[in-house]
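Naming follows writing order (A, B and C), and every chain is counted from residue 1.
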Amino acid sequence: MSERVAIVGVGWAGFRPSTPYQSYKELMYEAAVRAYADAGVDPRRDIETFVTVSEDFHEGTSIFDEYTPDQLGGALKPVHTIGGDGLHGLATGYMLVRTGRFSLVTVEAHSKASNILTLPYITAYAQDPVLNRPLRLNPEYIAGLEMHRYLYETDTTPEQCAAVVVKNKRNALLNPLASFAADLTLDEVLNGPPVAWPLGRHEVAPLADGAVVMVLASEEKARLLTDKPVWIRGIGWCNGPASLESRDWADAPHIREAARLAYRQAGIRDPFQEIDFAEVDDTYAFKELQHLEALGICLPGEAGLLTEQGATEPDGEFPVNVSGGSLGVGHLLDGTGLARALEVVLQLRGEAGPRQLEDVEVGLVQSWRGVPTTSGVVAVLSN
Amino acid sequence: MSKQIKDFRGTPLRESDFQEGKVLYVHDALRGEYAWDTGIAIGHYLAGLKKGVILGARCDHCRKIVVPPRTVCEWCFRPLTEYVPLQDTGTVNTFSICYVTWDVKRIEKPEIPAVIEIDGASPGHGILHKLGDVNPEEVTIGMRVQAVWKPAEEREGAITDILYWRPLKEVKKR
Amino acid sequence: MGMRKVAVVGAGMTKFVRRAQETGKELSWEAVRMALDSCEMTIDDIEAVCMGTAPDAFDGLHMKAEYLSDGAGAWLKPYMRSYVGGGTGIFAPIQGWYHVASGLFDTCLVVCEEKMSSFYPHAQAAFLTIFDHTTERALKPNLLWIFALEMNRYMHTYGVRKEDIALVSVLHKRNAADHPCALLGEPDITVEDVLNSEVLAWPVQRYDVSPVSDGAVAIVLAAEHVARRITDKPVWIEGVGWCLDTAYWTNRDLCYPRYVEVAARMAYEMAGITEPRKQIDIAEPYDPFDYKALHHLEGLQLADRGQAVQLYIDGTAARTGNMPVCPSGGLLGVGNPIAAAGLMKIAELFWQLRGEAGARQVPGNPRRGVAQAWGDLMQVGTVVVMGR
């Protein structure tokens, strides 16, 4: 077993609302070349195993893993795919290195959301085909139901949710990879068109195309390759209740459990004190608040207050989504979690440019797979 | 079998169970529609087909020409930037004589899918297509074939711009 | 540093049937319950769950594994779905292996489920979408094409005869007659029956093909220190290997599955196997079509190229032979609910190596077995070596 695992190379491509000039293979290739150059490795010679993340219905191709090896340098090598979020792929790479059998692993995830013409239908097909689908509702109604119950139980206000949108889109102004940066007022967000009341249009992360590739290494290899390794200190993942009929609409117990696993590995007892900043899933604005609470950063009902008071601003006590989050950067479907991890890596290396946080040593990244799932991942990274 | 297990679950149903209403079900037809970006390499390939040309790509590092073209060589991971026009003739690498359609409908006149190694590409480098204008019994591995194109004005930049491949009657010198 | 040893300690499976009344969740739950019962564990003893299930298109369900999660026992547990097409049924236990070998978990449940009958009118049509959307799908390719193209190339390259390949179907379907979960066990089937069956896509005929089915299989994995507490007959995962070849399948020679060879060599190296033909007692190669078992035996280095059929001609592959092949009955006989069919092979080795295979038991106290699956565009090999 190799206990410590580091991220030694990162690469990205796209991060735009559409990428008509590149196929998905070419998008992945660009991200891969950048990651390998960053890590200083030749994939054909050095990388021992590859993990890709995708969902068939997002690709419009069944058994999509067929089409993944060539553009990553993985042909005729151990390559496999995870049906999950990019952070599930990161967790997989982490486990593979820890077995002691692999010292260099590639992890990839991407989005070609712009190529899906009927995405609301596709998302709806994730619901129970007998109990829920026949109702023919736009699947974002599930987010509306969750938000309403969350506001009701925690006394969080719509204004506090809107403050998340204002903060994240403004943070995105400093991120060249962000497609949806904006300088909005609270009123503009609150008065925007509703999607599934109380959820408004501005509170839903818009979609983007993009690919992210990371190279993971054992401690021994990491020391040889880089003087700026980013360590995976802990990573946990969890599924909550699968059906709409059995869930707690206000809570995110799957994130709480995933965080417990990650914190246990990382030896973290008080996340607010021991972690410097976080990239947290904000597919819907209220989710950032609900997730912060499930992560134990604060108590239920407190995340909205912290946000209102500016504690989660880049210059606040606990900066959240300095990148702009999915609200500002754009949601990358299965690539979302890895895109958020990319920001944490850049911050911990001190390479985040004008949005660089000062003196950061430990960062948190969390993902959620979107409606109707209760599936998420939490990782603690440090420099 | 594991001796502890006495009762294996799983309840088989018959088609008649549905027809007679003994078992209820929900029917749904999916609406999955996509517009895939063809990108650089396949974009070139399709543009070539529209002009009646099959394009490959050359890897100088591996010294080979592959088809369809791609932007990276999967063996050496070097970028491929040079497109090479290939012949529209080739050799049958393998074939089948297929009596069912993709959605399992029986057909009387069989389809003949084949992997065709394209002349001008490196040996063993072929594409999937169909054979036509040939008695299925006379098809052999190693048979020489030529593309039958759609008329130029009907081509749209798709793999179906080649209607099928037929036996090469004689070798023409160009 | 040494690797953590991982054992299989329990297994369960549903019947493989053409069309099951149970939903995918219910099939998963039945298999999980049997697997846990078989080793006297409860779901509370399980620390993580791995799911293997083939394309979402079969079920018309996006993110199928999320839907299946509660049936698979993953409620409030770490849960992940791995995916390598037809190779998934042997990959899922590899995924379970790295969950435990990583040191993060001491126990892991591996569940493989398939419900192919939901697709209307026939599951095979779902396979149109496995082909490249731009360069191939417009030709309306049939899944049978790629098998027929590969089988033809194999027969042509090595001069293997169809009447000999039919021996594979005969042996496996006869073996399956002894499997209580089998869909197509046929104790009296003959070579003539296979050769006279309907031609689907020459050279592929009806009886060359395994039947689409519904079913689920589950196994329980445990780290060494836990495994020894659970059972006095753990079966160790001694080696794992997997390999994915290029997607450009028309640029490769289909006569030989080099990706299976790479995966097998990886697994053998880990298991310390240098002479697989001597050191392996039972083989469960992937057999969705009869010629595929031969192809894979060659990739597994258990026969020379083009020579695997000799194992069937001279009786070596029979249950009483020197190298029994698919004593379970394989996919050809037990059925082919894709991911579940692969994990069925792992369950079979588990039962065979513990001497619990009943009427199917291979004589001579077999010590070590290899199971293998295949998938994607004739592209992926997944291999697990198990021993006691």
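Worth pointing out:
In this text, contacts are C-beta pairs under 8 Å (C-beta built on N, C-alpha and C of every residue); 3 or more make two chains touch, one makes a residue touch a chain.
From a predicted model like this one, the values you see are computed outputs, not experimental measurements.
Closest to the protein's overall CA centre, chain by chain, comes C. By number of C-beta pairs in contact, A-C leads over the other of A-C and A-B. Taking each chain's centre as the mean of its C-alpha atoms, chain B lies 27 Å from chain C.
Here the CA centre of chain A is 33 Å from the CA centre of chain C.
In terms of their C-alpha centroids, the spacing between chain A and chain B amounts to 36 Å.
The multi-chain contact residues of chain B, meaning those touching 2 or more other chains, are 28, 30, 34, 36, 38, 42, 70, 74. Those residues of chain A in touch with two or more other chains are numbered 57, 60, 69-70, 75, 122, 125, 129.
Looking at chain C, residues 60, 127, 133, 246, 248 sit in touch with two or more other chains.
Against chain B, the residues of chain A that register as touching in their complex are 19-26, 29, 42-44, 57, 60, 69-71, 73, 75, 112, 114-118, 121-122, 125, 129-130, 133-134. Note for the complex: chain C touches chain A at residues 1-4, 54-57, 59-71, 74-85, 91, 95, 98-99, 101-104, 126-127, 129-130, 132-133, 241-248, 258-259, 262-263, 266, 270, 375-377, 379-380.
Chain contact summary for the complex, chain B toward chain C: residues 1-5, 8-15, 23, 27-28, 30, 34, 36, 38, 42, 45-46, 66-68, 70, 74, 93-104, 110-111, 113-115, 124-130, 141, 158-160. If you check the complex, the residues on chain A that touch chain C are 1-3, 50, 55-57, 60-63, 65-70, 74-84, 88, 91-92, 94-96, 98-101, 122-123, 125-126, 128-129, 236-243, 246, 253-254, 257-258, 261, 265, 369, 372-373, 375.
Every residue of chain C that touches chain B in the complex is listed here, in rising order: 11-22, 27, 30, 34, 37-38, 60, 120-122, 124-125, 127-128, 131, 133-136, 138-145, 148-150, 152-153, 156, 179-181, 199-204, 214-215, 246, 248, 250-254, 351, 354, 356-360.
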